[in-house]
Amino acid sequence: MTRWTVRLFGPAREAIGTDRTEVDVGEPATAAAVVEAVAARHPEIADLLPRSRVAVEREYVDPEARLRPGDEIAILPPVGGG
Amino acid sequence: MTRWTVRLFGPAREAIGTDRTEVDVGEPATAAAVVEAVAARHPEIADLLPRSRVAVEREYVDPEARLRPGDEIAILPPVGGG
Amino acid sequence: MDFRGIVRTWYQISETPLSMERAVAAVSDPAAGAIATFAGTTRNSFQGKEVRYLEYEAYGAMAERTLEEIGTKIADKWPPVTGVAIAHRVGRVEVGETSVIVAVSAPHRKEALAACSWGIDRLKAVLPVWKKEVFSDGEVWRENEPGGEPP
Amino acid sequence: MDFRGIVRTWYQISETPLSMERAVAAVSDPAAGAIATFAGTTRNSFQGKEVRYLEYEAYGAMAERTLEEIGTKIADKWPPVTGVAIAHRVGRVEVGETSVIVAVSAPHRKEALAACSWGIDRLKAVLPVWKKEVFSDGEVWRENEPGGEPP
């Protein structure tokens, strides 16, 4: 198991009450595995997560994307800019 | 025959060297008849006139439109605004 | 409060420089979520020839009326529109200066963008204004491409 | 002189009011004959409820990078484009204030208008920014309609 820090924004941040959380994920450490671990730890955003996307190193990634140690990981709820 | 004053703009005005001209037109006095009379009087814009439109009282009109005494008549070469 | 139809219009045939800020202010409205603008500026070249400046000539009274008609047609075609401003410069216009501004406000972006785009197309087809491009070695009356809706 | 490709870009995630004049100045270019802009402003109501103000939150570093990517894609899709400016406000935004500006310059109007319209659609689909609408009796995180291209 590796520990990952995950940044949270907008409604996800507000629902959890903090702008980052930590989760432990086994191999293979994918974006989807991190989302699953966040959902398990924070059921209050379980409904938001399926509609959210993941960014790694400030770029959108697919669910199967592999994470590398030190990567900046963020969960991005549906955006509302403009 | 009635005498009509016709306003000229842009390349038509420049080619003739004046911003209005006068022509005599018989009945029926239509926009097309005025254009024909202007072409006869000012052959230097004969090539421009078929591409020009006529405005009566500051509105585009069809060639067959009838003119009434006192109407403000203008020949409008292809426009170039914007 | 709920506004319906155009509540703000501003039309101008101007011998002095146009102001984008003024056009945007003219269409700003608390019910508008979107403002789309188009500005035409004088390019420094045409087909490789260096343009020194432009001269615009208008049939003034008809041009002002035509701007109003364009605004009215926009309101007919896009009823949610909340504001239309159209300004056109006449006289000598230097390279880089603005010759025309169209600004449209609406609750949502689709109508604002579509109406602004239609407005400049329409203006180019029907506004009684003529443009002379002045080069270092001559000048030419530049006609707009046909293809707009007929008047 | 003949300019090719984007020569002027300006991207901003800003905690202070946005300036349309600055965005237009940022894309102005002697080779540009057209500048299209879009401004998003805070409406006073949403589905009949009175909006008091908005709160925008951004993933700042990613948002700036995303604005750059949108500009680069515009340059790829419309090579004649001469300038792109995109600015987005964060923090508290009052009714009537501008939350976003997209400005595009190009030699001709078709590219400027199309690129500006595409730019705001793209921004709404991918920019990592979240909007909270604050009413007198509550608040809601407002998600954009889906339908933009996937990132």
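Miscellaneous remarks
Read from first to last, the chains carry the letters A, B, C and D; within each, the first residue is number 1.
Keep in mind that, in the parts below, contacts are C-beta pairs under 8 Å (C-beta built on N, C-alpha and C of every residue); 3 or more make two chains touch, one makes a residue touch a chain.
In this text, all values refer to a predicted model and were calculated from it rather than measured experimentally.
Put simply, the chain farthest from subunit C by mean CA position is A.
Centre-to-centre separation between subunit B and subunit D, using Cα means, comes to 47 Å. With centres taken as mean Cα positions, subunit C sits 26 Å from subunit B. Chain centres here are Cα averages; for subunit C and subunit D they lie 22 Å apart. Under the contact definition stated at the top, the residues of subunit C that touch 2 or more other chains are 40, 109, 120. Those residues of subunit A in touch with two or more other chains are numbered 82. The chain pairs satisfying the stated touch condition come to A-D, B-C, C-D. The touching residues of subunit D, when paired with subunit C in their complex, are 1-2, 20-21, 24, 28, 30-45, 48, 95-96, 107, 109, 112-113, 116-117, 120. In the complex of the two chains, the subunit B residues touching subunit C come out as 7, 9-11, 13-14, 53, 55, 58-60, 74, 76-82.
Within the complex, the subunit C residues that touch subunit B are 40, 56-59, 61-63, 65, 88, 99-100, 120, 123-132, 141-144, 146, 151.
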